[in-house]
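Chain nomenclature is as follows: A, B, C and D, assigned in order of appearance, with residue numbering initiated at 1 for each chain independently.
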Amino acid sequence: MTAHLPALQVLVPLGCAPLCLLLRRFRTVTWLVFLLAALSSLACAVLLATRVDDGPLHYEMGGWPAPYGIEFVVAGFNTPVLLVVSVVAVVAAVYARRSVGDEVDDRRAPLVYTCLCLTLTGLLGLTVTGDVFNAFVFLEISSLSTYALIAMGRRRRALLASFRYLVIGTVGATFVLIGIGFAYAVTGTLNMADLADRLTDLDGNRALYAAVVFVFVGLAVKMAVFPLHAWLPAAYGEAPSAVSTFLAAASTKVAIYVFCRFAFTVFGAGLVFTTMPVGEVGLLLAALAMLVGSAAACFQRDLKYLLAWSSVAQIGYIVAGISLATAAGVSAGYLHVINHAVIKGALFGAAGLLVLRLGSARLDDLAGLGRRMPWTFAAIVVTGLGLVGVPPTAGFASKWALVSALLDAGAWPVLVAVLASSLLALVYVGRIVEAAWFRDPPADLPADQPRAPVSMVAAVWALVLLSVYFGIDASLPGGLADAAAAALLGTGGA
Amino acid sequence: MTVFTLINISLLAILVATALTVSRLRALYEAAMLSALFSLVTACLFVLLDAVDVAFTEAAVGVGISTVLLLGGLALTRSREAVTPRRRRLPGAAVAILAGGTLVYASQDLPAFGSADSPVQRHPLTDTYLHQSQEDIGIPNTVTSVLASYRGLDTLGELLVVFTAGVAVLALLGPLAHPVDARRRDDLDLVDYRVLRVISAMLMPFILLFALYVLFHGDFGPGGGFQAGVIFAAGFVLYGLVFGLDKAQQVVPRVVLWALIPFGLLLYLGVGVVNMLLGGSFLDYDTLSSDPAAGQHLGILLVESAIGITVAAVMTTVFFSFANRRATR
Amino acid sequence: MIVLDIASVVLLAAGALFVVSGGVGLLRFPDFYTRVHAAGITDSAGAGLILLGLLLRTPSWETGVRLLVIMLFLALTGPTASYVLAFAARRDGVPIWREGDPRR
Amino acid sequence: MIGTHYVYWLLFALMMIGLYVVISHGNLLKKLIGLTLFQVGVFLFFISIGKVDGGSAPIVSDDVETYSHPLPQVLILTAIVVGVATLAVGLGLAVRIFETYGTVEEEDVLERDTTP
């Protein structure tokens, strides 16, 4: 059975989706099915992570060898992503039971779990596939289910947020498709490894340049890289809290991984970063994203929107690291993918606790709640410091790695942007703290509010503790990130 | 200039003209009908480009289902578009010119159109799919063998996308959103049109028969599970339009429909899992029989049926969701 | 065989003529009902004659059967579609053009 | 160049008309129609990659020598399905937006959100 692990990684969540729909009359059962999907995915990811040290694992779908059929590839570069997505999925599943129960009406809750299974399937499939067109299909599965999930937010704005994401997301996916078309036209293959082989003879082919441009622009939409980030704040701000927690932590990260996969193992670093100025453009956009994202976060009135804008900035850090195309840079990018997923997951989870208790997450409504909800706000502060990058948090570890990689590469302007963005992060985290502790609670606050459910608090704190642990002992995420960078940049790639 | 080139250019010119008209039309019903025409011409162009399966699908989906859905959507919203202000035109034009310029620049290094010596044609995939597949799978329609066997996972993904769309529309519009079904009769069911009812009743069995033919003939000619599913759905949609939604939902109760949506997907998955249990990898149909080719035949048939079931159920459900929405308002 | 070929060419040309005249009518006729009539011509006479012309050139009987089925199908659906269009327009009160009215 | 690449250029024009409608038009349904135009342009592009002069549909029979490539056709079959799925979800959203806001013009929706 272990030979089937790469397939099972994706297939179990896939099978859980129709099960959820069949069992929709039993809401708790559908939740259990989603939890099962997440747990099995975690188990597969852990087992796979322990097995890739001896080299990449290939799984041939339908028994057809690689360029003729579709293959799944698991190697050092995608096990960290599988682990991140799976861990976040498990946490989101534990969290979702009460959160979805509160925010979505009973008849639609089973559909939320169905869509969560589908999103998980899409993200995992996107991570393990070794075929460019198959990647497009999984991209669309995860996107389409994400649109549905966002639309199930409580406020009416969720509908427009979802629609706008649908339009720009579909344009992005179609751009990826155009890029795949150009790459296919000049190579005749769709398998990533085969593509990489055949591209080497095509120096100076303009169709190939277009393939790179269209694939990357399309992926940039999904990664929410500045200036294609416009969909993200409303989408994460309006989605049901359990969904925001899952998506903010997992979805953009997978898109970033796909970018790395295409850049380093399909098109090749030589073409992408030496012949074409993708690295320079990436650094520029990353710096702008940091500044714009952090600055916009400072002016938000809603905690979920604030966190979403902060994500735009944090994605900037990751993109900056990867754009350096050095081992240190890519490793720093991966490290921040892991740490940011944990941190943002916890923060959106905490915001969801506030929504559960107050009905909204507006900063004005948080006045003086610091003492009433100590656990929630302690979680926000601990992870918020991680966003700023204060030692010894996880955020510090990855930011330190990024800064030293930038120093090595001599990218001074970006370094300035990183520091400025960190200061701005201090401002927006400070605003939350100020609202929660240094303002008087409104007089009409009802005394006996429902207590936050233990399962949700536990889920949030699991991520908080994980982030603290990663801050103190960065050997696990650091080791994964280094292995990923080595797999991407080294010869033992695909 | 050959006849082929002449027809090709004419069809492309019609397409561009239609697209321009659609983009300028502010009356959205007209735009929807023109986009149906656009799909029809596209289908003709697909035939010209030797893609008969794709043409079939485009005709069934673009002209059929998409148009019905668009009209359904328009019936529930507003059918006239506001004037696009000048300041909105610039960004769109800028992006379009930039992207178009990149495409034209890049196309200089694309292999010539129709070249038999392009990288696509020279790649060993071509020989495998066109000739080796005759021995390995033994199905004349290579599109079907690539779709269902070589790239069976893509097709499973495609089915999953359809499934997702079904779930999403149910979540947005489905009866879930409005538990109470207080419906009134309205002219959507066209009950007064006696001629239409007689003709539809006469054609109905043939439409369903044709769907089955398309499903089982996909090995030898254009067709397959997806097209069959869409034709099935079109049959139900026609029935619902002509005889009323109530009656259509008596014929195909919602419970059945909703059970069929996951059933098709689980059947597809089940075939793959059985392959795994029999010692092959996922979707390795060779394991289904002692003779690999026979196994492939069986596997492809099962998988195509699974696609047909889920697609028909999802498309019908989506249509009923839109149609019911109108009645509940 | 030459007779069949000539007959086929004549039928195809006649069919094409009807299709074109249907198109012209669609653009030139003054009101909805007359335009439905013009469009109906394309379906029935135009497509019908073209299919007949093709029938005379079929290489095998299987193709011939298919063409016949298509003709039957068109004969059933084309007029029905025209009828339903006109009926719906009549029910919605779309006015009929009379001599001397402006084009609509 | 013109003789061998005209098909691509006309298809690019088609795509760009669609893309323009998606970005510039504010009506949500029109955006969806534009998205369809854009995608169909891409579908045709893929199919034209696989076309061989004088070829025929890739259904193997004894009396045919050259076939067009089946792979792009398979990809586009999948992509068409993805397209209609997206359209269905988009229309569902547009209908819900109309029901809650009373309009399907993007700018009006935004306006109604800022002034509740």
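In this section, a contact is a pair of C-beta atoms (placed from the backbone, for glycine too) under 8 Å apart; a residue touches a chain by one contact, two chains touch by 3 or more.
Fair warning: this is a prediction, and the values are worked out from it, not measured in the lab.
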Which of A-B and A-D has more C-beta contact pairs: A-B
Remotest chain, subunit A as reference, centres from CA atoms: C
Distance from subunit D to subunit A - Cα centre to Cα centre, in angstrom: 28
Whole-Å separation of chain centres (CA-atom averages), subunit A against subunit C: 57
Chain centre separation in whole Å, for subunit D relative to subunit C (CA means): 31
Per-residue overlap in subunit D, given as positions that touch at least 2 other chains: 15, 19, 22, 32, 49, 71-72, 75, 78, 82, 85-86, 89, 93-94, 96
Residue list for subunit C, restricted to those that touch at least two other chains: none
Multi-chain contact residues (two or more partners), subunit A: 133, 137, 140, 144, 147-148, 151, 178, 184-185
Pairs of chains satisfying the touch condition: A-B, A-D, B-C, B-D
Residue numbers on subunit D that touch subunit B, as the complex places them: 1, 4-27, 29-30, 32-34, 36-37, 40, 43-44, 47-53, 55-61, 66-78, 80-89, 91-96, 98-99, 103-105, 107-108
Touch list for subunit B against partner subunit C, complex: 190, 192-193, 195-196, 199, 202-203
Subunit C residues touching subunit B - in the complex, by the definition given at the top: 73, 76-77, 80, 83-84, 87, 91
Subunit D residues touching subunit A - in the complex, by the definition given at the top: 15, 19, 22, 28, 31-32, 35, 38-39, 42, 45-46, 49, 71-72, 75, 78-79, 82, 85-86, 89-90, 93-94, 96-97, 100-101, 106, 109-110, 113
Residues of subunit A touching subunit B in the complex: 4, 7, 11, 14-15, 17-19, 21-22, 59-64, 67-70, 107-108, 111-112, 114-115, 118, 121, 125, 133-134, 137-138, 140-141, 144-145, 147-148, 151-152, 178, 182, 184-189, 198, 205-211, 213-214
